[in-house]
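Quick one: this structure, given as structure tokens, is what I'll be asking you about.
When the chains are written out, they are named A, B, C and D in that same order, and each has its own residue count from 1.
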Amino acid sequence: MIDLNFVTVLYVGAIGLLVIGAVGLVMCNNVFRMVLALVLAEAGVNLLLILAGYRGDAAAPILGFGPEGAQMVDPVPQVLVLTAIVIGVGVQALAVAVLVRVFHAYGTLDMRELKAHFEFELAAEKTTEPPRSTEEPAGGRPLSPVPPRPHPGEARS
Amino acid sequence: MTNVILPVVLPLLAAFLLQPLARLSGVVARLLGPLVLLVGLVLLLRLWFAPDTEPFTVALGGFAPPLGIVFYVDQLALIFAIAVPLFTLLFWNWSADAYEDSQEKARQDALMLLLAASATGLALSGDLFNIYVFYELMAVASFGLVVLRGTGPAQIATVRYLLLSAFGSVLALVGIAILYTQTGTLNLAQLGQLAPTSLHGPAGLAAFGFMLVGFGVKAELFPVNTWVPEVYATAPARIAGLLAGLVSKLAVLVVVRLLVVVYQDTAASQLLLVLGTLTILFGEFAAWRSKDFPRMIGFSSIGQLGIVFIGFSIPGPWGMLAGLAVALHHLLIKSALFGLANRWSGSLESLAGGARSAPIAAGLFVLFALSLIGVPPLPGFWTKILVLTGLAQEGSGLHLMALGAILLITAIEANYLFRFATKLFSTSDRPPASHGLMDIGAAVLIGIALVAVTIQIDPVGDRLRAVARQAADREAYISTVFPAEPTIAAREDRR
Amino acid sequence: MRNLAAILFTGGLGFLLLVIASQLDFGHPPMVVGQEILDVAGDQVGAANIVTSVLLAYRGIDTLGELSILFAAATAAGLVLGHRHGDAPSDPEGGFILRAGADLLFPLLLVVGFYIILHGHLTPGGGFQGGVILAAAFFVGVLGRPAKGLNHDVISVIEGLAGAAFIGIGLWALFLEGEFLKPMLDKGTLGDLISAGTLPLLSLALGLKVGSELAGLMTSLSDTEAREP
Amino acid sequence: MGANVVDWMALLIVVIVLASAVAVLTVRNMVGAVAASSVVSLGVSVLFVLLHAPDVAMTEAAVGAGLSGVVLAVGLRKLGLWRLEDDKGTAHALVPTSQREDDTDA
């Protein structure tokens, strides 16, 4: 029989979630997917924290549930994770709210396009005349008065 | 003495009650916020001017330190805690008629109060996870304030800021998880006690790295500060001033506490030194190239925070003094500059001739620019000298490199600030709009404070030196939180 | 180029974490603070559920901060989303099954929510979990009849007062006992519904606050004009 | 230490969780991605039960799998991406072309 180590398996799961979340945050261009990646990374770090207080031979930290005098797992990381979960969902809801507004304004969720819109509108706001097209574009995208067309081929991981 | 909790809790209470109150009476709701901040300010000032300056702790809920959360109140914490209500009041939105909707105004005020409460808590807290919670509260409140103008670019900037900040928080939490696995505690003083045995391995250092990157988002540290120019260019100028002046300093304070109490070894401070050097180079070169006023001072703020980090990375009381001096100087100057940016939000070109339409503002700008560069009688000179001599005393290769970088960026700073000043004083047929009274009020007050400090540099310097000596004393921190017998004896011996 | 940098970054992160992992000793935590809390929590706080003890007593200020974060997020979302235009079309009315189900579920979820909140100091659960269920109870109603919506005035009053009650209990302890959020009142016998002093009260305030906050957040989100494809 | 049922269960759930996590990033359809993220939360909450953290498991199930799924789904609806069909694999197919023209210019 294969020797399975319970804690190691969970640890790999936690790190895996963290890394997949980080990959998503760095490599996805769709902002909504970046929010989802954030959810993954948060789940990973929550698992990591709970693991920090786990011990194999112990029970849940509730008095009078387990056998008398039994060892219990560390309650502190559990509280930290409770807090972290609620913080996470608050930030996530705010992110979705802002995203809805951004999408209503620009009709796109592609981070690169949003960045181009951002630079263009800011330049228009700062100076009364639009920037000349000879100006070096940020990120290799010409700053034309017409917002750039949606990029063909959604870049995914 | 336990009243020190009130400056944190009362703004929270007021924030919760503002929206229901605004339905009943608009006037009461409008006055509640400033009133609460004022009460907190008075309470903290009484502590600052109390004859006894020994640090003390407050065990929240009456649970003895390692079990419950403690607030650690020393002079360093008090300086920053006092700065919070002070600067929040300075940048408070006093205009009554700009928002026809009292609910909108109540929401805005509530967010400001939440920001103030969290920042005060951050200054006082002595518990790692409590610091994380207050940091997150500060972050979420600042998201709401940044997006306030409601323009498209502001929303895009907020989304990018939010995602970066949230990812930083995840990394900080990874660091906290590693620390907890190693030590089993979250109390900073106990972490400091256990650090020599259990945190000096690579894992402990990695935890510091994660937390540095996590908390560094607000502190505008090098790899995670891409949000800075975007947010400062789109947020209301007073919010940008708060973020650049106050909020960044509190994030720095968290890093400093970690460094002094838990990681008093060379590896962690070298990491800080390297990142600080990269931060100044990145910030000042970008400031040199930037084309509008808010982004120019935003990038310059990144550069200044790099110097703050370099200052704090010098070990001992000297480094503490140097970092503290630069941080306070920057807190004053950058808040004032963003106060000016309220009407000067356009590109640098469009501000030509600004001195004609706004002579006071232009004069103040020159004063602040001179201090920022470090021209002798002004305080900026002394802060830079402190950092440079500290670096020269350390004398290792990395320190000398940082020294060279600071000298280099001083030249760059002088270049772009004077380029802008000459533009201000040039003649133009289309000068920018003049400043309103409220816009310039904050800058004038800070300008007066700066001149006062210039004249009274000796007493201010002495007080800061005492503060730095107290803050750099790791043993004192631990023995204040855990007044055990042997440590007290050791403390008596040292005197 | 950018993808390469990203791969390098995340690969480095994963490698770093795995290296650290091999250094750490998972499964055998040091239990410095944890063990001490496990030993004394029953006597000091008097709640059977130690997680709730830590959440509301030992780390009460964290919980307050977290409430404030939810509040800040809801307030900021309210500012971002703004008011709905009067002439904007609301979502279509839910079908019969959804409406009937919502009517049926509403009292049930309400009872379950309050049960979980009030037993937080005895069994797993408490203010957060119960509060989420309360929010769900109200949100199901909104799903069934979007045009009716939720009364934002009532929600904002409840959230304000619940938050104020949490701080009020803390300040009460500050003035009577000298410490903010110090547990008060009779601890009772371990395992009784009325035990653990002020903990159930705090739990109730927490639950109401979380519930109203989340309900407000979700309704203001679903109130904004949809961008129909 | 020989592996028992709990260990195998943990392994199975971890595999499911990681697979769904990859799916969150790779599934073209946004509704599917949100559903996958809910699966991740649900799996993690089961892992919390195995780690003797019933409170956290309840919260993760209620908040992570339930509430956050609902928030994201409502968000998708408001973004107009609440559609199940997959359009021919073109990247921006989730936003209909007719809408895109007039909205980006606004």
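Throughout what follows, contacts are C-beta pairs under 8 Å (C-beta built on N, C-alpha and C of every residue); 3 or more make two chains touch, one makes a residue touch a chain.
Keep in mind it's a predicted model, so treat the numbers as computed, not measured.
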item	value
CA centroid of chain A to CA centroid of chain D, Å	12
Whole-Å separation of chain centres (CA-atom averages), chain B against chain C	30
For chain A paired with chain B, centre-to-centre distance based on mean C-alpha positions, whole Å	26
Centroid distance [mean C-alpha coordinates] between chain D and chain C, Å	21
Shared-contact residues (touching 2 or more other chains) in chain C	17, 26, 29, 31, 33-34, 37, 49, 51, 59, 62, 66, 69, 72-73, 76, 80, 124, 128, 217-218, 221, 224-225, 227
Numbers and ranges of chain D residues touching at least 2 other chains	53-56, 59, 63, 67, 71, 74-75, 78-81, 95, 99
Where chain B touches two or more other chains at once, by residue number	129, 133, 136, 140, 143-144, 147, 155, 174, 181, 184, 186
Pairwise touch network: line, ring, star, complete, or other	other
Chains grouped in pairs wherever the two touch, ordered by label	A-B, A-C, A-D, B-C, C-D
Chain C residues within the chain A interface of the complex	3, 6-7, 9-10, 13-14, 17-18, 21, 26-29, 31, 33-35, 37-38, 41-42, 48-51, 53-55, 59, 62-63, 66, 69-70, 72-74, 76-77, 80-81, 123-124, 128, 190-191, 210, 217-218, 220-221, 224-225, 227
Contact footprint of chain A on chain D as seen in their complex	1-3, 6-8, 10-11, 13-14, 17-18, 21-22, 24-26, 28, 30, 33-34, 37, 40-41, 44, 47-48, 50-56, 59-60, 63-64, 67-68, 71-72, 74-76, 78-81, 90-92, 95, 99-100, 103-106
Chain B-facing residues of chain C, complex	16-17, 19-20, 23-26, 29-34, 36-37, 40, 44, 57-62, 64-66, 68-69, 71-73, 75-76, 78-80, 82, 153, 156-157, 159-161, 163-164, 167-168, 170-171, 173-174, 177-183
Residues of chain B defined as touching chain A within the complex	129, 133, 136, 140, 143-144, 147, 151-153, 155-160, 162-163, 166-167, 169-170, 173-174, 176-177, 180-181, 184, 186, 230, 233-234, 291-292, 345-347, 349-350
Parts of chain A lying in touch with chain C, wherever the complex brings them together	6-8, 11, 15, 18-19, 22-23, 26-27, 51-56, 60-65, 72-79, 82-83, 86-87, 90-91, 93-94, 96-98, 100-101, 103-104
